[in-house]
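Below you'll find a set of structures to go through.
In the two complexes below, subunit A is the common chain; its partner is subunit B in one and subunit C in the other.
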Partner chain A sequence: MKVGIIDYGVGNLGSIARALESLGVTPVLVDNAMNLHTQDRLILPGVGNFTDCMHLLDKGGWTSALREEVITHNRPLLGICLGMQLLADSSTEGANDAEHGTKGLGLVHGRVMHLSKLGCNFRIPHVGWNSVSSTSGDNHLFQRIPDGTDFYFVHSYVFVAQKNCDVLATTDYGTPVAAAVGNGLVWGTQFHPEKSSRAGIQLLSNFLTGPIC
Partner chain B sequence: MLKVRVIPTLLWKQFSLVKGEGFNSWRSVGSVLPAIKLYNQRDVDELILVDITSNKSGNEPDYDSVAEYARECFVPFTVGGGVNDIQHVQKLLRAGADKVCINTSAYQRPELINEIARRHGAQCVVASIDVKKNAGGGWNCYSYSGAHDTSQEVCMWAKELENRGAGEILITSIDKDGKMQGYDLELISAVTSLVNIPVIASGGAGNYEHMIQVIESGASAVAAASIFHFTEQTPAGAKKALSEAGVSVRVGY
Partner chain C sequence: MLTYCKKCVMPDTKPDLNFDEMGVCSACRSYERRKEIDWDARHEELMVILEKYRSSDGSNWDCIVPVSGGKDSTYQVIRMLQLGLNPLCVTSTTCDLSSIGRQNIENLKQLGVDFVEVSPNPLVRAKLNRIGLNLVGDISWPEHVGIFTIPVRAAIQFNVPLIVWGENSQDEYGGPAAAAEDNVLNRRWLEEFGGLLGMRVVDLIGQEGIEKKHLLHYTYPTDTELARVGVTGLFLGHYLPWDGLSNALIAQANGFNTYQKVVEGSMVNYENLDNHQTGIHDYFKFLKFGFGRATDLACLHIRRGRITRTDGLDIVNRLDGKFPWEYLGKSLESILEPLDMTVSEFVSICDSFTNKKIFQRYANGDLIKDKNGNLTKINCDNL
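And now, the complex of A and B:
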């Protein structure tokens, strides 16, 4: 199986690669959008700022290529942290247009907003290990992971899904926070599975063995 | 619920793992790589690795060694020492660090914090502050591993680092460091009541009770070194004690 990590110029791709290697998979760093179709499964990392990342995705031709792979070819995709937020329709982070926000990939419908706008009055960013509860029992991504397992989070913005059924798991940080979202073969985790020790490795393994079209 | 983190701090000096007292009299306590492997096997919450020589020597971070260490680390890995340029940050993240620790260079060029936060996100900037109590009862910030008094007052400086985009503050009491007599609770309380970002308390842990006290003083995480190097106490033991005291900690998967 060929697993591609999308290398559009940001982030710590090394930890994701090493976590996959520990599962016996040698991932490919895909640094050209033209080569996306050569991979069986895709991972979209992200750190920093939504608007900057979308700018890089647009500039590199990734936005249209990713939408084509996912929508037309049903290629399984996992977005991690900001990579999950990029799946949304829009985000206010770093946006020039504060009202509408910056446009995202639009692969899982929803908006990304700052924690403080959702009624969280805890310390921000939300940093550390927090317990994650799956919203439905038959969720492939969380197979063999007990409800309430801790995963490592580090973020200030939150994915607010348009449809409740797209939220696969939640955590609580003064307000309910989407910990994982999914729509068809597109998934996202707000936490970092690659930094969540054994539970995270199990989740990545679930993604690799998940349904494929 | 968010868990309190127990974070072993690894101080690194010329290939060796060291620990001192009051930022002095360093003792070698082994090698870095085996320590990282062991802490990962034991499923610790997070690791902080600081190269305590690189700022004084003026060297860039040792990316090759960091890459070797990161390969063994499946929990969040913060790396510090000698980071004074956005390019250093980029290279450390590429080498496998998840967060960078900025200390001395923030006094020289505070905008570096803004630059890193903008480019890589606030979550990857851990602003580290080393302090000593001053004659007036407050605390002064020290740079160059405690060698230089910057005359900055700690609360003002912590607030400025937060405003510039730091995602967390790691605060170390030089007075308490290595003494294993407890954290500086007043210091932690003063800083945590002022800033809204998470604060990692460091310097002085000698037993689990000290960790409970500093969490009650407002810290979001406890960092410790001597207690793990020189006693039989362990991160797992610390979490058990914290849990028994009603503090929410992570249980391994």
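And now, the complex of A and C:
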């Protein structure tokens, strides 16, 4: 199986690659949008600012290529941290147009907004281990992961899904926060599975063994 | 409940650490693989890279060596001099430099090297310490940023492309200089390597009166500047066998001073001697993840077969994660003073960052503390 980590110009690739290697998979760093179709499964990392990342995705031709792979070819995709937020329709982070926000990939419908806008009075950013509960029992991504397991989070913005059924798991940080979202074969985790010890590796393994289409 | 590696004493709460089906952590497995390394071949590779960057006519330095004056950087400089290089040593002044740290910097210069010390504005630094502690539970956030930005800025300023770092704690990787082509460091590489806990330098502008102009030392050069000089780097620990204790012995034989006793919260006297805030940094690691500096050190020595796992556990249980009332002999109250923070404010920040699932608590949920404010982990080994 070929697993491609999308290398569109932001960091955080090394630790994801190492986590996959511990599962016996040697990931490919895909640095050209034209080569996306050669991979069986895709991982979209993200670090930094939504608007900057979307700019890189647009500039490199990734936005249209990713949408085609996912929508037309049913290629399974996992977005991690900011990579999950990029799946949304829009985000206010770094946006020139504060009202409508910056346009995202639109693969899981929803908007990304600052934690403080959701009524969170806790310290921001949300950094550290926090327990995650799956919203339904038959969720492939969370198979063999007990409810309430801790995962490692680092973020200030959150994904607010348009449809409740697209939220696969939540965590509580002064307000309910989407910890994982999914729609068809597109998944995203707000936490970092690659930094989350055994449970994180199990989740990555679940993604790798998940349905293809 | 914490699960510990079956070979060393590291808990599974350490981010980025993986455990295999035998219950052994990835750091132990990585160390086992080091035994298969052909160090002679690595040494040859190192010589090829160094020759490539050596100044042929003596018109410039051969490399930048980022130094703190600690055991590892003293060792790095000794090795560079033994290999006939002319390094420019660059120090980023620590947040709260200790007198023994200053002595060791002076000693390092006496090895016979050119040296530059970059000291960011201490008043801004204190604000950054406070913001780091308050927001992400890391008082050393500005220091960790500066350790990476300042030598890279110096490389640009002095037009010296090669930076020789010490150990790469994140993975077994020689650094970009080893790549045959396209080996120039870029901003993205630096940011991934630097590990900033979700708080970025740009996020600080506007907080507590901090302006862009106050953060120049904490800002990476642009990709254009990096490309102009061709800045690249290598990790010496990839090319030479790397062991903190033997580095300390070699450094000591070259004038490096150790502390008069085991450092508070640690289990040795030969490292982390240059910054009074380090005790706070290590304590927060204990609160968040259930391990402190003594655990790190015990793991290193267990892997090298110097102490048994049982001895390591005993040491960790006695020394790790003690409330940082003092560090290198300076009181907590004095350490917090430049941050304009009292000990009681500090305690409430500690509590807010404590992972309550791994420490003993009363029935009402409050943390159980002894008379010195120390917490007790729920479990100190696998049950």
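The rule we apply is simple: the second predicted complex is superposed on the first by the 213 of 213 C-alpha atoms of A that agree within 3 Å, B and C clash if a C-alpha of one lies under 4 Å from a C-alpha of the other, contacts with A are read in each partner's own complex, and residues count from 1 in each chain.
Rule of thumb we're sticking to: contacts are C-beta pairs under 8 Å (C-beta built on N, C-alpha and C of every residue); 3 or more make two chains touch, one makes a residue touch a chain.
Predicted model only: the values in this text are computed from it and were never measured.
Overlay on subunit A: subunit B and subunit C clash in the combined arrangement.
Using the contact criterion defined above for the overlaid structures, shared-chain residue A:G9 touches subunit C, although it does not reach subunit B.
With both structures placed on the common chain, the touch criterion links A:Y173 to subunit B but leaves subunit C unconnected. In the superposed model, A:R18 lies in contact with both subunit B and subunit C. Set side by side, subunit B and subunit C differ in how many residues of subunit A they touch, and the one touching more is B. Once chain A of one complex is fitted onto chain A of the other, the partner contacts of A:Q202 are limited to subunit B, with no touch recorded for subunit C.
Contact with neither subunit B nor subunit C is seen for A:N74 once the two complexes are overlaid on the shared chain. Touch criterion not met for A:N139: it reaches neither subunit B nor subunit C. By the touch criterion defined above, A:S156 lies against subunit B and subunit C together after alignment on the C-alpha atoms of chain A. 10-15, 18-19, 22, 47-48, 123-125, 127-129, 150, 152, 154-156, 192, 194-198, 201 are the residues of subunit A that lie in the contact sets of both subunit B and subunit C, per the superposition on chain A.
Interface of subunit A with subunit C (complex): residues 9-15, 18-19, 22, 47-48, 123-125, 127-129, 150, 152, 154-156, 192, 194-198, 201.
Note for the complex: subunit A touches subunit B at residues 10-15, 18-19, 22, 47-49, 52, 82, 122-131, 145-146, 149-150, 152, 154-156, 172-173, 192, 194-202. Only residues 3, 12-20, 26, 134-137, 170-171, 188-189, 191-192, 197-200, 288-289, 352-353, 355, 357 of subunit C touch subunit A when the two sit together in their complex. Every residue of subunit B that touches subunit A in the complex is listed here, in rising order: 1-5, 40, 43, 45-46, 67, 70-71, 73-77, 93-98, 118-124, 167-168, 196-198, 220-221, 250-253.
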